[in-house]
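Presented below are the structures under discussion, each in the form of structure tokens.
Below are two complexes that have chain A in common, paired first with chain B and then with chain C.
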Partner chain A sequence: MVASHMATAVRPKSLSLRLRPLIAPALFIAPAALALILTMAAPMADAVLLSLERWDGMTPPTWVGFSNYLNLIHDATFFRALWHTAYFTVCTVILQTVLPLLIASLLNSGIRGSTAFRTLYFMPVIISLTISGLLWAMLFEPNFGAVNSLLRAIGLGDFAPLWLAGVDTVMPSVIIVSVWQSLGFYLVIFFAALQGVPKELYEAAELDGAKAWSRFLHVSVPTIWPVILIVIVLNTINGIKVFDQIWVMTAGGPDYASATLGTYLYTIAFGAMGASNSRLGYATAIAIVILLLSIVVSIIQIRLGRRADLDSQIEM
Partner chain B sequence: MKRFVAATATALFAAAAVHPALAETTLHVMSWQTAYVAGTPYWDKTVAGFEAENPGVKVESNFVAFSQYLPTLTAMIAGGSLPDVFNGGTKTGELGRAGLLVNFRDVFDQSFFDRFFAGPLRQYTFDNKPYGLADMAQDFGVFANDRIMKDVGLTVPNTWDELIADAPKFKAKGYIPLAWGNLTRNTCPDFFLPLVAQNGGDVYALDDHTAPGLSWDSKPVVDALGLLERLAKAGVFPPGINGIDDPQSYQLAYQGRAAMFFGGSWTPGIFAHDGSKDWLDNYSVHKVPAVTADGVHFTGDGAGEAWSVNAKSPNKDLAVKFVAYIFRPDVYNWRAKGLQSFPALKSAVDQIDNPKVRTMIPWITTDAADHILFGPGSWDSVSNVCQSALDGSISPADGAKKIEADVMAARSK
Partner chain C sequence: MIGGQRVLSMRGFRKAIAPANWALTFTRTLIYVILVTIAIVEAFPLLWMIITSVKDSHEVFNTVLPAEINWRNFPRVWFAMNFPVHLENSLYVTSLTVALVVALATPAAYAFARYRFPGREVAFYAFIGAMMIPPQAILIPMFQFLRSLHLLNSLTGLALSYVGGGVAFAIFLMRTFFLSLPGELGDSARIDGCNDFQVFWHIYLPLARPGMATVVIIQSLYTWNEFMFSNTLITSPGKKTVQSAVFQAVGQYGTDYTALCSGLIIALVPVVLVYLVLQRQFISGLTAGALKG
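Our next item is the complex of A and B:
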């Protein structure tokens, strides 16, 4: 009898019995999965195919294999755009992570008017990128823009740069705008994370004689490291795919001096103010490069972040 | 995927088609002209007139801002969803050659074409096939603030050399000699391409780029870039011209910061709407300077907008009928009168009351020059080098070589 029971217990379930518990979850997931397949996976697969074709949108596409990717290797403008993208990404990752973190830490220290400061810093976030880009383009206007007018008013007229019009100043200018626009968003994230750090940790560190900077480095940063990592990844992805803000401010100019992969792709695919021929296959190849870059860089960052996290845990 | 999208679109279209409320034919019209929307009296009158003459037909006017127009059009082309009647812009040649536009030569007789000014008609004619019909013509001029000119003690220069020589005098009084903006890159070709003509080049042929031995690194282009560079170095243009957009450049004129303003025949209409009193009371219009004292000024002779008909439209015949209607003299006159812009039809010149525009109209026959590029890669290549020439980061010879190389590269991809 016991043996019979045991035999029943260990008898492998039939396939249908094993699948039965999965039916309900699958049914719940199916609509969303179907929507994602239709709106994400299928267009992505189609884009990969398109990147292997030559297509102007008017005549039927022709298969060119990896020619579009090979052409990218010989495309000097593509590499300029790649360099600008890297430049923008590195600068914004550093500035849009470090500055909000420092300010959030300062606001978290209990200074007076913390809420008012947070609100002030957050205000640019609620303005659309397009609007803020246009407003900053007006502020940066070299002749009567507010920024240069201010510089002239305080006797620094000789140092008034051309901002968006200068090949050397255009990228720093758009980075300034990006930091201005994004600072509040990341600040709020960091502030929320810092609020979650147990006060006991700071008190213990203080008892051990740690100064404010040491407490920040050895208590705040390690404790909220996963959040910092998320902010770095978000900034990296935003940097690699940056488009709208630069497009409205400079359209990638002057002479591609602020062209990023996003603006270059858009120029090739859709033209600008007067460009004619669309090269949709070539543009899609650039889009695939942007996608791959985003994936690779994000994976590297997450892996490095996890390793650093693990190392810190081992040290502790 | 494309098939799926097409099938879905077809199913939706079929579902809509059987709906009794949508039984009448809708003609989809698209342009970037802000005035061609419901609510503009002369456009409303135009649409109402066509609908009255064609019972059961409804004209739907779609406006897309110029900055978004070409991307929108490109997406429509790729999606196979072009409107029935639309402005093809710089894509007109490509669309026509791909068989997507009606060749108006097949539907209108010569007397119809004879009514147009030659330049605007030629601009949208490719391989002797007019795929677009110019809505309004355009040429360019120098708009001077006469009060400032008097203050400086100068007259509008007849040659570029005179302008270069006068530049320090304007600047000494704190004025920008000649204002325009190039942030969006579309003004520099307007300024530069007539300079190529002034230096003996044929911009139509360069844009076509099929004539043996003709290339963008030829002497007229190098000379034109050299002239542009000299003007920029002399401080004729506003500092940071590549960072100034169109509205900001208008402000330089309105605020009395610029002695002169480079603009097209459509700008008096904008001035009338937006200009400061000082500007409106004091401005006059003149031909752009020439290379030599007795040289042709080449002020441009094109058209920014031209109407095209989708050759694949199920309403093709109706769309052609609509185009014929909007170019009927009486109907066109409503538009010309309302817009007060340079008409593409010779018969509508009398409708223009604005004296500045009237001054510019005869130039289209005496000083014609191509200023819009349609060839693959041409516009991007020229506008980018134009920016570099303005900020002095490229030499004229290298700039011309770069245009040629970029055009060839664009055509090979």
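Our next item is the complex of A and C:
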């Protein structure tokens, strides 16, 4: 690819001399490039085409232009799924950034046993979303699940919600599971970043009479802001494409109350039991929406984040 | 007051007598209370799962702790859920994916770090851009692609479907690693008569082992735990990976929580064992992956 580009640019005389240094890197990269084209670029291009077609997976597809996208506008379930996705993303971005950051600061305050705490908090991170989803589905069971049993035992039986089975409580429940599972992951990232903050900065702030909270806000946060920004972007991308844990716990139910873009497109393409594939073009159009959303939102976040970074440095 | 302080901090006991330190000790205690509470919340579901797995089925909803530890659920589920087959399937898919990703990504990452050539930045960002693609976007085309190759419902096909995303991420990680190695090593090897391939193979590859270990850990965990592709691209029960097999078992076992919990634990054991052995590398590898990604 690179070689052919060069061939047009240089005269034949010096061709072999010019090309020689390119041979080694081309050979090193070619296998990976081929793999990426076959298993990523080609399917992605195919997805863009597919989103402009009507296809049941069996008979040849028919070109329908942008009508899949136009149909999305009239699809109330699509907008519910979009709303749930936004709800999940905003909540997890806030909770999964603020909580790990605060707890990492507590662990970094010079207390003993911080390694033990980190190891323990990290345990749920290595568990698959499938297993944690199935586990929490049992814990959240409204009638005899452990969470409601616990609530009844401490006299909060009247409060005991339906959790995953309730239309109003299903999204918060799913978010709780996500926070539970990822806390250790982001916490360890923040802890590593906080360890890198020079001690002198805290000492200087302390001399100026800054209390712990203000040292956190005016020293820790601005210093590790690039890491915070990465965590926000990661959380956003993961939120927009959320699928596994919701599919395992509720399959988007009850009655689409926890349907996200990810689960809705899966329902359309593969059905609840993974058998029927009727409207593959339409499902793919939703996949493209997920892709565009994650690209646009993360670019905006990085842009705004960089500016906030500059501002905070000026304040300092 | 003094009794309380002793509980708060043994080390700080002498210091705590001074009034200024009382506030400090109080803060420390508060911090520990918060951290321990979170530890309980994080550990509770896992402890509940372990306790439930050794209960007798009539004890599940009535008692907090079982009268006696009952291991029978494990052999029962081991054979009923056909775990030997599913564990072997997952092991095959994970090994094949990891081997392909490391073999493809390492030389490419080396080239991006150590060579200057026209189009390098563009090519590199094309690879990185692939990391942004959500798996949902390529799921349906991948389904059709594998079907056309007769690799649908095949564990090899499933492994292939993971390669693209894995390679992109691994190149990103490994490139940073190769950049951290000194360039002089290669220069002096070239003076000694090594060609490009020999420099890579004999000089840099041995030094890149820690970077490769990070890739192996991240990719193994990701592949072993992956659900959407494995649940969609594999249809026959005997070829299911652990994750989708466990998911399928839910319908079958319903509220037989002792069986389900034992099943989840069996599915978890391989990952937990590796985690306990390689704890440090696991945590640093995963977080390094996130920060660079």
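The rule we apply is simple: the second predicted complex is superposed on the first by the 282 of 316 C-alpha atoms of A that agree within 3 Å, B and C clash if a C-alpha of one lies under 4 Å from a C-alpha of the other, contacts with A are read in each partner's own complex, and residues count from 1 in each chain.
What we mean here is this: a contact is a pair of C-beta atoms (placed from the backbone, for glycine too) under 8 Å apart; a residue touches a chain by one contact, two chains touch by 3 or more.
Everything numeric in this text was worked out from a predicted model, so none of it was measured.
Student: Given the touch rule stated above, what does A:I232 touch, chain B (first), chain C (second), both, or neither?
Tutor: It touches nothing on chain B or chain C.
Student: Under the stated touch criterion, which partner chain does A:R279 make contact with: chain B (first), chain C (second), both, or neither?
Tutor: Touch partner of A:R279: chain B, not chain C.
Student: For A:D56, decide between first (touching chain B), second (touching chain C), both and neither.
Tutor: first
Student: Can you tell me whether chain B or chain C touches more residues on chain A?
Tutor: If we count touched residues of chain A for both partners, the winner is C.
Student: A:S128 contacts which: chain B (first), chain C (second), both, neither?
Tutor: In the superposition, A:S128 contacts chain C only.
Student: Contact-wise, after the overlay, does A:W136 reach chain B, chain C, both or neither (first, second, both, neither)?
Tutor: second
Student: For A:A192, is the partner it touches chain B (first), chain C (second), both, or none of the two (neither)?
Tutor: Second partner only.
Student: Classify the contacts of A:I103 with the two partner chains as first (chain B alone), second (chain C alone), both, or neither.
Tutor: second
Student: Examine A:G166 and indicate which partner it touches, taking first as chain B and second as chain C; both and neither are also allowed.
Tutor: In the superposition, A:G166 touches chain B alone.
Student: Using the superposition on chain A described above, determine whether A:A269 touches chain B (first), chain C (second), both, or neither.
Tutor: After superposing on A, A:A269 lies in contact with both chain B and chain C.
Student: Show which residues of chain A both chain B and chain C reach, each in its own complex.
Tutor: Dual-contact residues (chain A): 42-43, 46, 57, 137-138, 141, 144, 266, 269-270, 274, 277, 280.
Student: Along chain C, where are the residues that touch chain A in the complex?
Tutor: So the residues of chain C touching chain A come out as 27-28, 31-32, 34-35, 38-39, 41-43, 45-46, 48-49, 52, 60-61, 100, 103-105, 107-108, 110-112, 115, 117-120, 123, 126-127, 130, 132-145, 160-161, 163-165, 167-168, 171, 196-197, 200, 221, 224-228, 231-232, 235, 243-244, 246-247, 250, 255, 257, 260-261, 264, 267-268, 271-272, 275, 279, 282-283, 286-287, 290-291, 293.
Student: Help me check something: in the complex, which residues belonging to chain A touch chain B?
Tutor: Contact set of chain A toward chain B: 42-43, 45-46, 54-59, 68, 71, 75, 137-138, 140-144, 162-167, 170, 250-251, 253-256, 266-267, 269-280, 282.
Student: Contact residues on chain B for chain A in the complex?
Tutor: Chain B residues touching chain A: 1-2, 4, 66-67, 70-71, 74-75, 77-78, 89-91, 93-95, 98, 100, 176, 183-186, 189, 238-245, 248, 251-252, 255, 257, 372-380, 383-385, 387-388, 390-391, 393-394, 409-411, 413.
Student: Looking at the complex, which residues from chain A come into contact with chain C?
Tutor: 1-2, 5-6, 21-22, 24-29, 31-33, 35-36, 38-44, 46-47, 50, 57, 103, 106-107, 109, 111, 117-132, 134-139, 141, 144, 146, 149, 180, 183-185, 188-189, 192, 212, 227, 230-231, 234, 237, 240-241, 243-244, 247-248, 261-262, 265-266, 269-270, 274, 277, 280, 283-284, 286-288, 290-291, 294-295, 298
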